[in-house]
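Two complexes are shown next, each including chain A; its partner changes from chain B in the first to chain C in the second.
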Partner chain A sequence: MANIVEIKNLTKAFGGVRAVEDVTLQVEEGEFMTMLGPSGCGKTTTLRMIGGFEYPDRGRVLLGGQDVTDLPPYKRPVNMMFQDFALFPHMTVAQNIGYGLRIGGASKRETAKRVDEALRTIELTHKAVSRPSELSIGQMQRVALARALVRRPKVLLLDEPMSALDAQLRETMQVELRHLHEKIGLTFIMVTHDQTEALVMSDRIMVMDQGRVVQVGTPTELYDHPASPYVANFLGTSNMIVATVSEVDTAGVVTRYGPHEIRATAQGQRPEVGVEVMLSIRPEKLRLLADGTAASDDVNSLSGVISEQFFHGDSVRITLDIGGDKPLILHHQLTSSLGQAALPPAGQTVTVVVDPSSVTLFEEVASYEAEYLA
Partner chain B sequence: MTAYASQTGERRRAEPRKLRFSRGGRDTTGRMLGVATGCVLAFMYAPIVTLMIFSFNTNQITKLPLTGWTLDWYEMAFSNSELMAALGNSLIVAAAAVVICLTIGIPTAFAMDRYEFPGKVVFRRLVLLPITLPGLITGISMLNFFSIVGVPLSLWTVVVGHGTALTAIVVTNVYARLQRFDRRIEEASSDLGARPWQTFLRVTLPNIRNAVIGSSLIAFTLSFDEIPVTFFLTGRDNTLPMYIWSTIRRGMTPEINAIGSVIIGTSIVLLLLSIFIMSEPGRGRRKAL
Partner chain C sequence: MNHLQRRQLGFAALMSGPIVWWGLVLLVPYAIMFMISFYSRQFPFHVPDFQFGNYWKIIVEDQYYMVLMRSLKISLFVSLAAFALAYPLTYYLAFKVRSHRVRMIIYVATIIPLWVSYLLRAYTWKTILGTEGILNSFLMWTGIINEPISLFLYNQFAMVITMAYIFTPYMVMPLFASLEKIPRNLIEASKDLGIGRLGTFWRITLPLSVPGILAGFTFTFCLSFGDFISPQLVGGPYSNMISNVVATQFGIAMNWPMGSALSMVVLFIVVAIITMSDRFERAGRLDLG
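The block that comes next holds the complex of A and B.
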């Protein structure tokens, strides 16, 4: 498939502060691409440069193969759904949706017809003559979406589309937006700081930090094979521990953490023996071993004392002290009918196992500690 | 315990104690409020109402008791060509001054809101200064200026005088509105294909309309009854307040009462009109805030 959006080496500074630095990305036609990162990481500025609201200091923006870097927003075949929606307060819902069509030279009849269609699609026909202020947040969002889509853009840009919604509505809208994307097959580029949202909705995610691209990949790639401690920690939660390399062999890397040996598959990585590395283990990859069962040889088996348990309804979060610098956290899914009662109580010594392939090894320890834990 | 404390604290804040009056065990707060309101309104409007009443009184001299009901004074006022010319002049001057205020004031407000330039703070102060200057100073200095430059005094020099003094009103109002203006709706407009001038006409202007209309009305009214600047800058033409002032020196006439009443009536109509115009698009916005 062809690249509908291509950005090359985009760089933008505001008053001497680099907001976006050397960002390059290709988005395929029909893809749902998400730019993810904490506030101030440059994701919104990048989106605004695609929309034409900011002019890059360096780099180019291509839409459908055409260089649009020098074009103003009104000449670009993309539309944006703004954060907090930016509906026109002095116009009715129907006028808001029809605005882009009227400006584009569509006749009154044509506009009315397409606005009617749009209103039916978003199920707001009864609100056609209401002002935006008379709508609920969810309705406003639908109007903003309809307004951006009615011009049939090549790409839809979404700037934190869910930030105004409460948690429950957010979940519903995530699914609805995902369905809409599948239905109309349009290219979506979304900006969010919410990792769950990014994981749920996107085909691919670009993780950004301090103006730079950290990693680009599918949600599963990013989650299972984070390229850096930053990504591992930003997407979901993870046990991040500092261990010392004790052995490097063909099957991977063996490290020492407190009294334990932890093996990581660590494909392609050859750290030197004796150096400190960072291990990332997802809490749900740690399995509690049932009483009396022995761990097989090919998995890491760690024993420790349960220090705390937090009941989450469908799961229990267990803090396990295994004698290292930091306790491990594990999520134990409650599947048996016994529920929490089947779990060993706090204070008891238990064994957990984790597959070497589920242990991610990072050779950059110092930088991570300094930047993200400080 | 802390939860309880904060709860009671909130209740106390939610119901502040009000001053209450009572007499013979009955709560008379409502009546006292009514009396106070009446006093304030009387203080503000009694003179105006008096003027309107006397404009319908048959007696040539403005004094009690009332002698009878007549419309003669209105007829006289409207057939007084000098008075009518003065009224016409005042309307022309006020309208022209408003045009000047808007053409200078709106772009100025935009420049102050949207651009950073050296000396911006000084510029802002300088633009707002004329409204705080006494009319006397503006009048004398402009009179000097016009005579040095060699511009003959006329209604148009009055218009310029009013324009400089009142531009600040438009600037302040429009600037204040722009400061609260959500610029993302302009971006949304641009995103939807509107060129900058289309965005200005269809999105920006409708949203600052209230400030523009409101400040125009204020500027119009202030210009309409302005004396000091007019006094120095007018040529042979008289404006209405100048005419009234000069006739009153020869004694108050019911004719003046009549034209005064007409102006009050017009003001009320204008006021209602502006409320009607401004409330329509504001309806939604108030809820949104």
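The block that comes next holds the complex of A and C.
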């Protein structure tokens, strides 16, 4: 498919501070692309440069093959849904939706027809003559969405669209927006700092940090094969441990962590024996063995003492001290109703197993102590 | 004395000052003036009466009616001039100046003349516009004129200029407040929806600054309407405003009933304007957060 949006080497600084540095990205037509990162990582600035609200210091923005870098926002075939919705307070819901059409030169009849359609789609026909201040947050969001879509843009930009919603509404809207995307097949580019939101909604995710692109890929690629400790940590939670390489073979790398050997399937890395590497193990990939099989000889069978456990309803979060620098955290999914008695209590020695393919190895050793504990 | 009584007593004690002040200095004088406005003039002073002759004279006698109309006209021109000066300035301050410090410096520089004596500021224009003034000197220096011209001073034009200068800060303050309050993302949203700069200004910025415009007009109009100094200093013979006539009635003419009636009309017009502007403002009140 063709690239509807192409940004090349975008760079932007504010008062000497680099906000966006050399960002390059292609977005395919119909794709749901998410720019993910913590606040201040440059994701919003990148989105605003696509929308035309910021002018890049360097780099180009192409929409449908046409260079629009020098065009003002009102000449670009994109529309944005703003973070606080930016509904015009002095206009009714219908006037808000029709604004870009009517003032933009569409006939009165055409505008009325399309506004009517849009109102029916978002099920707010009864609120047509209300002011935005009379709407609930969820309704405001739908109006903002309708207003952005009614001009039939080539790309819809969404700036933290869920940030104003409460947790429950957010989940509903994530699904609704995803459905809408599938239905109309429009290209969506969203900015968010919420990793769950990014994973749930996107076809592809671009992870950013300090103005730079860290990794671009599908949600599963990013989750299972993060390119750096930063991505591993930012998407979901992960046990990040520093281990020493003890053996490298064709199947992968064997490392030593405390009294244990942990094997990782290689992703092309060939670290030298004796160097320190970083391992990332997702808490849910650690499998708790049943009591009887404690002395397993399986690969990556790690025994340790339970130091703490928290009941989460559907799962138990267990902190397991396996004799390394840091304890491991594992999520034990409860597939059937176990009584509290059935869970191994704190102080008990248990064994967990993890598949070598679920152990991600980074040659870059970074300290993620703070995020790890958070 | 229980707790509630003690609280009520405390409240009464606290409020007694303002109430006495308000009654003595404002309410009682208004009432007296209202009463006197129906009195009859009788040499050498006036006698209690109840008749509408004073009010009737304001309508039928040119010396009052013309002055009233002139006052309204001058105030309108002053307000329009102040608006024409203040809107571009405040727009520039609120939207174009990026540095907060620069914005505050320009803003404070604009309103700081309010701390300078009003009389002095009005007098300044006498020295600028007069025959010996800066404007004439400048024009003579450039060779545009050969001898000083007296066209600038002692007319209504000079009054409008002087008052516009003096009252523009009162237009700047509410305008700046309302323009600064407009969320920037509304302007971005308008542009995002395909509307250019001018369209965005007409459809978004201007309507959302109406409360500031109303407040600015109310301030400048009412202040110039009651102005007394500018007509005296730079206005010349045919520039009397309503306040000058009121002053004359209470002073030289010794016609208190007439002066009171005129004052009542001024009061009524000002109250009407404030009420109207308040109504408009309420009707269009918007939550800009």
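Quick notes
FYI, the second predicted complex is superposed on the first by the 358 of 374 C-alpha atoms of A that agree within 3 Å, B and C clash if a C-alpha of one lies under 4 Å from a C-alpha of the other, contacts with A are read in each partner's own complex, and residues count from 1 in each chain.
The criterion applied here is as follows: a residue touches a chain if its C-beta (ideal position, glycine included) is under 8 Å from a C-beta of that chain, and two chains touch if they have at least 3 such contacts.
Here the structure is a predicted model, which is why all the values come from computation and not from measurement.
If you put the two complexes together on chain A, you find that chain B and chain C bump into each other.
Once the two complexes are overlaid on the shared chain, A:73 sits against chain B and chain C alike. Shared-chain residue A:134: touches chain B; no touch with chain C.
Of the two partner chains placed by the overlay, chain B and chain C both lie in contact with A:53. Once the two complexes are overlaid on the shared chain, A:90 sits against chain B and chain C alike. Looking at chain A, you'll find residues 51-53, 72-74, 78-80, 82-84, 86-90, 99-100, 103-104, 133, 147-148, 151 touch chain B in one structure and chain C in the other.
Chain A meets chain B in the complex at residues 51-53, 72-74, 78-80, 82-84, 86-90, 99-100, 103-104, 131-134, 147-148, 151. Contact residues on chain C toward chain A in their complex (touch as defined above): 183, 185-186, 188-196, 199, 203-204, 207-208, 284, 286-288. Listed in rising order, the residues of chain A touching chain C in the complex are 51-53, 72-75, 78-80, 82-84, 86-90, 99-100, 103-104, 133, 147-148, 151. Listed in rising order, the residues of chain B touching chain A in the complex are 182, 184-185, 187-195, 198, 202-203, 206-207, 281, 283-285, 287-288.
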